[in-house]
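Going in written order, the chains are labelled A, B, C and D, and every chain counts its residues from 1.
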Amino acid sequence: MVGHGFMGAAHSQGWRVAPRFFDLPARPEMAVLVGRNPDTAAAAAEKWGWAETSTDWRSAVTRDDIDVVDIVTPGHSHAEIAIAALDAGKHVLCEKPLANTAEEAEQMAAAAARAAANGIFAMVGFTYRRVPAATFARDLVAAGTIGEIRQVRAAYLQDWLVDPTVPLAWRLQKDLAGSGALGDIGAHAIDLAEFITGQRLTSVSGVMETFVTERPLLASSSGLSGTASAERGAVTVDDVALFTGRFDGGALGSFEASRMSTGRKNALRIEVAGSLGAVSFDLEDLNALGYYDRAAPADRQGFTRVQVTEPEHPYISAWWPAGHLLGYEHGFTHQARDFVEAIMAGSQPKPSFADGLHVQQVLAAVERSAATGSAWTPTLENA
Amino acid sequence: MVGHGFMGAAHSQGWRVAPRFFDLPARPEMAVLVGRNPDTAAAAAEKWGWAETSTDWRSAVTRDDIDVVDIVTPGHSHAEIAIAALDAGKHVLCEKPLANTAEEAEQMAAAAARAAANGIFAMVGFTYRRVPAATFARDLVAAGTIGEIRQVRAAYLQDWLVDPTVPLAWRLQKDLAGSGALGDIGAHAIDLAEFITGQRLTSVSGVMETFVTERPLLASSSGLSGTASAERGAVTVDDVALFTGRFDGGALGSFEASRMSTGRKNALRIEVAGSLGAVSFDLEDLNALGYYDRAAPADRQGFTRVQVTEPEHPYISAWWPAGHLLGYEHGFTHQARDFVEAIMAGSQPKPSFADGLHVQQVLAAVERSAATGSAWTPTLENA
Amino acid sequence: MVGHGFMGAAHSQGWRVAPRFFDLPARPEMAVLVGRNPDTAAAAAEKWGWAETSTDWRSAVTRDDIDVVDIVTPGHSHAEIAIAALDAGKHVLCEKPLANTAEEAEQMAAAAARAAANGIFAMVGFTYRRVPAATFARDLVAAGTIGEIRQVRAAYLQDWLVDPTVPLAWRLQKDLAGSGALGDIGAHAIDLAEFITGQRLTSVSGVMETFVTERPLLASSSGLSGTASAERGAVTVDDVALFTGRFDGGALGSFEASRMSTGRKNALRIEVAGSLGAVSFDLEDLNALGYYDRAAPADRQGFTRVQVTEPEHPYISAWWPAGHLLGYEHGFTHQARDFVEAIMAGSQPKPSFADGLHVQQVLAAVERSAATGSAWTPTLENA
Amino acid sequence: MVGHGFMGAAHSQGWRVAPRFFDLPARPEMAVLVGRNPDTAAAAAEKWGWAETSTDWRSAVTRDDIDVVDIVTPGHSHAEIAIAALDAGKHVLCEKPLANTAEEAEQMAAAAARAAANGIFAMVGFTYRRVPAATFARDLVAAGTIGEIRQVRAAYLQDWLVDPTVPLAWRLQKDLAGSGALGDIGAHAIDLAEFITGQRLTSVSGVMETFVTERPLLASSSGLSGTASAERGAVTVDDVALFTGRFDGGALGSFEASRMSTGRKNALRIEVAGSLGAVSFDLEDLNALGYYDRAAPADRQGFTRVQVTEPEHPYISAWWPAGHLLGYEHGFTHQARDFVEAIMAGSQPKPSFADGLHVQQVLAAVERSAATGSAWTPTLENA
């Protein structure tokens, strides 16, 4: 595993726990943790249970005894590491967004395509797909339960930037993070909308906004929680991105990504309305799915709050009895399970780098649209 | 109409509005308002649209041009007025609880039985039955939709007595009010539970408690909102009553009536669990009914939040398009409608004084049980 | 009152009930109901309590004994009637949207300005402002409680057009209705957003969509619920409108108006996020306001569900004790109260025709933007 | 660890994960898993990561290289194992309920008292205390935030016995399980109520009921999910227990434990009402706490939905950023953390066996009360 921020903890938990609840065709061994600083890397490895550490990702990702490379670094370094790993014949799991630019993402998708020809696979880490309620929403849609899809309303709402004293961490700098709310959390909304609907965004019209344009510099560059210094710097990414989009299946979507939605902490919400019904999901209430069935008797229609904690639901039979809730990191365990199963079966795990590239292209199209007065912009530049 | 407190406003609104939305077989005329104080009665009559006022209820309820007597005075005066009106051949609508004691209630029920033999009918005002969602719950249960009923959980929660400065109004004095939370709001919970289940409580085990035992006296006796004086007096009724009960159909119920449930303003809640499903209602969310269907596919079960605002729902087609909410006083309009329809059809409107007597007997049984260490007590003294 | 559809019932209820709960400086008399068909007008007048009927609006609105003209006809007839009434020296209450085109609305606003110079006033009927929770949201914002406003998320969601058998009523025809979801319900979202924030939309970028493009013709033209014929016609208005907008105070808004949001019946939702807090409202839960306070202790922050049913809340002290809910039509009673109070005080009731014109200009800007690839469009054509 | 049912998986996860997120003073080693059947024990050990297995609990719990014994067997075997382990100088963590009878529990508490004199400690596993929102509720109450406590409403609602085909597993047999809903889930409600309030139940009045009195026998005895046979046997425990109780601090409580609450899967709910505020919790929504503050401005009072996922909240800073949810088994991780910390500090971990004994005495008092017509029964037999 390369990197050891907050995502490192989550991925480590996924690798550790997956074999304890699921019958995996191979047991993951947590071999090497890579970090730039040997001391902090060693501390992380000790805490999370990695056998060794390294400060040299290039040599680590080509070691003979390594089969899988898990990349949890900031987005600007994804491409170089992933391509090197794939070219070295390692399966790759890469955190989202795939890259900071569509160009890098294209190179990564190309490397993944080359590797796949040799049975080496790459996957991008949109774990929210693997929240059981989200997977179940996809299943309902795929089964035609809600009919022809007309509307998608997706939003990822946070509020940690409402506080003007939050310092200028890497996530607020365009050269490191690519974009702000759009790429960080909007990417999740896009992936989840496409996953649940089974449709792809073909064009978008968007607007982006930065409300707090200057913030205190970080005294050190270590993560979100570093100490603020007295100096200030310019925020170069968006606080909020709003866009509408058209899907290839005819649906119309509205999207919002905000780190300025006061009072909303981690609300990834999606509602999909179809000709026969609707589904509604909120990550702040992740064990439930709202389901509306137009075929129910007229006097009994309404959104049913399905607790997605029954053995009939995706992933659940491996866990607890009915009614016992799962949490945020269970998605990482499910991701580890699905990744290992696909790799051992010699099949492409989903979402692929091509899927990740597509999300990147949507992000890029939103940025171009926002830069050109919200003009409708195809998600493929040459489309 | 005899009396003109808060209930007088609600009843007046019912009589006024019912013919504007429902096609009634006869149009109510708001003839005489009776009150002890001529000035306040005149002010109320002017405001609420009554043609005349009187300070003499005895002569008012026997006037030839009066067909219906509506009683909204405190409970201790219900019996005398209602019996006089019935004996004078007037149809009677009497606010709940029917009386302050089971003895008075028995006399009233007897008078109602005598009158009914002559086509003169009496009804008691448990209006929450006529909230569309509550009526719909009853319909679902009556149709067997939730199967054999096992459990009933009913609570009426308010918090206006948490504040120790609330003065000692008539509702806190046993000689005027009969009991406290038990008779005032517990009576609603009992009636609603029996209405929805179609079963009657046969025995109860209860406990009652007064947490704030002294309160400032009222400088004047005018309602809940009067000015407090410096003197204090003893609270002689319960703040909270808890009881369990057995129904004649085999169900087991838990009941709570509280004016000390901090943060709950007017939460009359009931959930009925059966072998095939469940229904759940809360007066603080009165346009919705929770409905659970065990026959739904295993992965789609959950409580459906039915907005009881569709034309297929009870009472709704007379009002607004789907999705437009009703409020508290609509129940009084429905009550006026149902009362007029039954009277004009020459049939007994429900709930009858016999039903009201039964509720009174349950209240009395809870008081006896509470006085004897929560011993199980039949709701009929000679049962 | 000119017109007698669903809005006629609501307005009648407002005039009838307002003086029974509020102390008005003048008592409204429900004099003349105007309709094209004498029989249906007479039936409506009898049901709703109007003294007379007329089929000639021109003579009715100029009668000497008429002081106020209330217009509840479809939007295409608003301008002619309102201008005639204002020119005849009658105060006017006109249902929203003010008109079907910005041009008509401009003429109406001009007529209102002329009349106001003579102490004759006009108001447009955006009643949702007068839902107590919405008014209270405005009060909190105006007091600075949530600080500088950054984001507004407003949506009005219905689903009655999901059913493809719903016939082609006047609301689905551009020549009669002006626009579809945008003008009918989007107008409410715009007004409510501007009312609560105290800011005005200066430019918009939008998209509109019609998912069901053909529907059965109505056998008769009487309202939404008429009988469908075998023939079909083209739907000429939008099922869904999405737009983003910028406010003059710096806020960014996202708006949605949909009659295709499966499972949502009458969900006018708005959330306003500011630097110090947020407010959140949903018309399907209209007695509550969500309020988030960033100044609360860090471990106790969260959205507080305020039941806006306390005497301290707007309009409530006239109604019931704390915790007793209001319904849809109470807004019309509040509107009647506010209108009468302003007229008798000789002051301009709000929202004025100028406010209504502004909403119309926003609607027109959204249509122009949608017609030009979602280009950002000023809400004033010459801005 | 002795036993390896559903609780074994949860405890194993706790031991495994605790050192990965918390800085523990000692790292737990998962040494020996004890089970009656060597094959199933070995499979469980392999899956959950225990180094060895044994079929002889007596020798296992006295091994020199064992410091801690974790007991997750059915309740009837707790006493023998725990006493042996404590007498052998091993720290003990024992699943709830402490035992099947108050007599056994007394012996266990005595053994724990003897051991504690030698620095050896015992704890009982009421993990729901360690759900952060529950711990936070306790903190608020302990700080006096909600004032003097008046009412406690606690319920643990499940519905898995509504289905009459659920077979007669050990949990439905009095000789193995002690009691039914009362001991299994009612025990949690009692512990949580006492934990949050800091008060102890001194007397109770209860009723118990079995609605489905016969069920198919299990073909094999392995857990809840075994195969049903054609034969049927008598259910000898309660499906539902209802009781009221008085606390030593003056509060009055109502309690319900039900496996027949149709539609409720795992709803451990508690609301505590005090003179200054209230807290409300539901295990089906375990990341949130409802908090009502009577000191808030009158127009802003209401239950605040606090997402207990901020770094200021108990246990949270070890986990994810704000707004990321925890699940059911996190309580077991917190339990492992708290247990290890207390043991290493040489202090008594809470809840102690004495606390567990007290819960057992409450359960016994409820059973005695139910057997004597709901007579009020002290929770100490000689009290």
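Operating definition for what follows: contacts are C-beta pairs under 8 Å (C-beta built on N, C-alpha and C of every residue); 3 or more make two chains touch, one makes a residue touch a chain.
Just so you know, these numbers come straight off a predicted model, no measurement behind them.
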{"item": "Chains contacting each of subunit A and subunit B, listed by label", "value": "C, D"}
{"item": "Identity of the chain that, by mean CA position, is farthest from subunit A", "value": "B"}
{"item": "A-D or C-D - the one linked by more C-beta pairs in contact", "value": "A-D"}
{"item": "Subunit A and subunit C: spacing of chain centres that average the CA atoms, whole Å", "value": "40"}
{"item": "Centre-to-centre distance between subunit D and subunit C (centres being mean Cα positions), rounded to whole Å", "value": "54"}
{"item": "Length of the line joining the C-alpha centres of subunit A and subunit D, rounded to whole Å", "value": "36"}
{"item": "Contacts with two or more other chains, residues of subunit A listed in rising order", "value": "301-303, 307"}
{"item": "Chain contact graph, described as a line, ring, star, complete graph or other shape", "value": "complete"}
{"item": "Partner subunit C, residues of subunit B touching it in the complex", "value": "6, 9-10, 12-13, 16-17, 19-21, 47-49, 158, 160, 224, 264-267, 283-287, 307, 309, 320-330"}
{"item": "Parts of subunit B lying in touch with subunit A, wherever the complex brings them together", "value": "136, 288, 291, 293, 296, 298-307, 310, 312-313"}
{"item": "Subunit D - residues contacting subunit B, complex", "value": "146, 150-151, 153, 155, 159, 162-164, 205, 207, 209, 211, 239-240, 242, 244, 252, 254, 256, 258, 260-263, 271, 273-278, 280, 290, 292, 294, 301-303, 373-376"}
